[in-house]
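Each of the next two complexes has chain A plus one other chain: chain B in the first, chain C in the second.
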Partner chain A sequence: MEKKVLVIGAGPAGLSATRELVNMDVDVILVEREACLGGTPKKLNYSLLFPELRPASEVIDPLIKVAKESPRVKKYVNSIIDSVKESEDGFEVSIKDKEQKVSTERVSAIIAASGFEHFDSRRKYEYGYGLIPNIYQISDIERMLSENKLVTTRGVPPKRVAILLCVGSRDATVGNTYCSRVCCAVSIKQAMEIKERVPDAIVHIYYMDIRTYGLMEDKLYWRSQLEHRVGYIRGRISEFMRGPNDTVIIKGEDTMNLNRALVVPYDMVILANGMELGLGSAQVAKVLGLRLEEHGFIKPLDPDRLPVVSQRKGVFLAGALTGPKTMSDSITEGQAAAMKAYEYVTKGIWEYEEIKVTAH
Partner chain B sequence: MEVDGTWNAFIIDRTQTGFDTSVWDKIASTVEGNTISLCWQCGTCTSGCTAREYDPNFSPRRFIDLARKGDKQSLQELESSLWRCFSCQKCTHRCPKGVLVEEVVHAIHNYALEEGLVRKDPGTKFDELFLKAVMDNGGRISELLLGSMAAKYGMVSLSLKDLINVSSALLKTGLIKTVMNPEKVRNWEKIRKVLENAMKEEIKL
Partner chain C sequence: MFELATVKLSLPEDPRYLDMSYAEQGPLPEEMRNLDQLSEKDRKLALEFYQSLASDFRYNEYLRGCLNCGVCTSSCPAAKFYDFGPREMIQYMMRGEYDKIYEFTNEKVWACVQCYTCSMRCPFNNEIAGLIMLLREYAVKFGLESAKQILAPYRRILLTVLTTGNQVTPDMIQPETFADWGPQALEESKNMDVYRKAIPVDLMQRTDIGWHASLQTAVELMTIMIEAGVIESLKNIDKDLYDMIIDIYEERKQFLEEIKEKYQKGELNEEELPDSWLDL
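Moving on to the complex of A and B:
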């Protein structure tokens, strides 16, 4: 079959779409902005995945292997989509690499799976990220955990750790009014990992609501308290100060005990930064001419009926570029988008937004 | 549900009856307090609050919670804290939901004053004295007048030593003239009428 599909982004969503298309004997052009395949989980070297606490590489490596070894996959790394033109039987795509070299490919359909970016906590200046030592983001801690280098700037493992949830999510001051869905689970998972490595550490999670939805409730929220003695303090920290010996002093309120103002020192503070569309996906949306929804993510044709179909004919969506998603959700969407793309390139099936009601 | 009522024979009734649900509506309908409904009780405002450093009972989050529940009793108990806001605006600036916290706290305080839940606090009293001193003196502040008015209310805490220090500095610089004979605004009687009308309108708001 000479039909080709372009997959933008080689993260969990893009790679699972690639694998499904290869299994159905469709040729795939895979474009990735970074030098290696695997997306954000690989780039930031994620440690364990919630809720099963299995290594992220166990999930992502088999997908990378398929993309690397299959003769049906043509890979462009260090490359971005420069322009997309409609041709008679699909799209004519020009792909630009880091040296500005442009290659042109003709494809029948496009799957955009360019994902998200972690919120940059420097935008919440009162949290002092990047200014005060020993303040990290969950996206930094993943690498420290997987490389087994969980130490403070003084070179010793932290004895007192605070985790602050909802940094850059559910916050009108930075314009993100949505919940990023995964940060609660990731933070609790990290708290449990820290307690496993440093058993005498004290870990406090400062939260407003704990959203370990669905099957994660007992595996994370309950287990972290039953087995690991992770402390939960309801109240949002409003500022951090630099303390003696590279400690961080937080100012908070324990909203469950009404008159308790908190000024507490910690060895390490972790900010649970949320998800945003990011510049990469914004560029993809611009080139493909896709519209954004009110939270800044890409708008599917119908979020309920057609979540992986875009507003442009022949373009499909998968993964966190339509909203915050877990890795398993992204893999599911990659598979769904592959199915939709396969239907489209083989049978020409394209559903429109309007639901046509036929009389019996 | 307990069917036979055995336990009720000696358990003290815990039903809350004192909550006035109109408090929320009333505060939300004021110009200052209309963002009260956005609050979700995260505690950002109280964590960084300047006034809380000096008064552990000062908690904007709690004031908002009590006002929304209509717990007048608890607001009354917070009489000596409710007015202590410094208006530093840290809370308003940081609130993740866009509640104008400083204004809402003042709206709650104003409500408590209007309803007679709290006595007039020293802050409001001083504001009134200041305004009265300005109006009586012809549009400009007179330190002597204000000082004597405040002293009547027991607000002056200057010692004799302080007074001597202050007046010697005033004598040296020659500023004593302005203190003894403060300036007045030209055409004061005309402006006074305008101001008084404006103040009446403000009270209506």
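Moving on to the complex of A and C:
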């Protein structure tokens, strides 16, 4: 079949869409901004995946393999979409690489799967991330865990660890009033990993609500207490200070006890930074002419009935660019978007007409 | 012991009475702690206080919601030293617990130093410090006994603020009086005159007064305070101070009128001008 589909982004969603399209004998143009395939999980070197605690590579590597080996997939790495023009049977896309070299491809449909970016905790300046030693983000800890280098600046494994949830999420002061959905689970998973490596470490999680929704509740929240004695303290930390010997002193309120302030030192503090659309996907949205929803993510045509269909005819969406997602959600959406794109390129099915999107 | 058959099944609206035994035994001792301890008279006042507070448009603008996160209380310098925390207040407000709000207003609300850290950091964007100001404003408006007591030592400051617009003067910043500033107070006090000279406003380039209000400015300032109802509210808590301020106001106003009149008639000599520059 001579119809081609452009997939933007080679993370879990994009790779999963690619695999489905290849299975259905559709040619794929895969464009990735980074040098390697695999998206954020590969770039930041994710360690274990929640809730089953299996290595991330076990999930992502087979997807990468398909994209790498299939003759139907034409890959552009280190490249971004420069412009998209509508042509008579689809789109004319110019792809620009790092050396500013522009290539042109003609495709029948587009799947945007350019994903999210982690919230940059430097924007919560009172937390001193990047200024005070031994404050990390969950996205930094993943790499430290998978490279087996979980040590403080003093070169020893941490004995007292605090994890602060909801950094950059559920916070109007940084403009993000949504919940990032995965950071509770990731943090608890990291707490268990830390306890496994440093069994005598004290790990405290500072939370407002624990959102290990669905089937993750007992596998993470309960298990972390049953098997690992992770401590949960209800309160959001308001600021960090640098303590002696490169310790970090936290200031919080133990909200289970009225007006009881906590000022406690730790060897290592981990900020559970959330998800944002990020500049990469914002650029993709701009080039494709897609509108954003109120939280700054890309707005699907109908978030309930057509979550993987965009506002623009022939453009489909998959993964965290429409809102925070787990890796398995993204893979599912990649499969769904591939299905929708296949319907569209083979049968011309586009449901725009029958959908009335109610304005809020 | 009572006969089951004799229990009347007329239940009040209160959902707690869905548990029928509740009607029989009343609140349990551990519940009593949470019920209000106010006298009949106080309860009436507390309700009235809450109702007028809640009907202030600022109240509903400032109070948005609460994640119960404790960021406000843990950021709060006053909470470090007193049994006080802004989260406690916000929670009472969110639940409409008027008795607790009343108690909080009487006992705790004066601990706040209005630094606004809580407002700046609250992830729900509550205007917490504004709500505290509102509670204080209404405490004064209602002439609450606690407000009278707490404000009594501040009469002198109130008088200078309301008549000259000055609270502290720059030369008051000395290491002894501002010990909590640490070495900064020394640094500031040594170079205060240089710092003040750098301010590009003539009237502020001195250290013995924060800024010098001319006669006309002082009268305008007090007129604004009167029109805004600030001085009027003082009446409820300190009638003497109120009378004193009004006297000063009347006197100044009259003096200003006289000068203006003379000026218009062209009878004003330079020497008759008050020491400050007059913008006629």
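Just so we're on the same page, the second predicted complex is superposed on the first by the 351 of 360 C-alpha atoms of A that agree within 3 Å, B and C clash if a C-alpha of one lies under 4 Å from a C-alpha of the other, contacts with A are read in each partner's own complex, and residues count from 1 in each chain.
Assume a residue touches a chain if its C-beta (ideal position, glycine included) is under 8 Å from a C-beta of that chain, and two chains touch if they have at least 3 such contacts.
Bear in mind that the values here come from a model prediction, so they are computed numbers and not experimental data.
Applying the stated clash criterion after superposition on chain A shows that chain B and chain C collide. By the touch criterion defined above, A:A172 lies against chain B and chain C together after alignment on the C-alpha atoms of chain A. In the overlay built on the shared chain, the residue A:K325 is in contact with neither chain B nor chain C.
When the two complexes are overlaid on their common chain A, residue A:M208 makes contact with chain B and with chain C alike. Of the two partner chains, chain B and chain C are each touched by A:G235. In the three-chain superposition, chain B clashes with chain C only at 243-251, the remaining stretches of 9-17, 171-179 or 243-251 being clear. Chain A uses residues 126, 166, 170-173, 208, 235-239, 251-255, 258-259, 261-262 to touch chain B in one structure and chain C in the other.
Within the complex formed with chain A, the residues of chain C that make contact are 67-75, 79-80, 83-85, 87-88, 120-125.
Within the complex, the chain A residues that touch chain C are 126, 166, 170-173, 208, 235-239, 251-255, 258-259, 261-262.
Those residues of chain A lying in contact with chain B across their complex are 126, 166, 170-173, 208, 234-239, 251-255, 258-259, 261-262. Residues of chain B touching chain A in their complex: 40-48, 52, 56-57, 59, 61-62, 90, 93-98.
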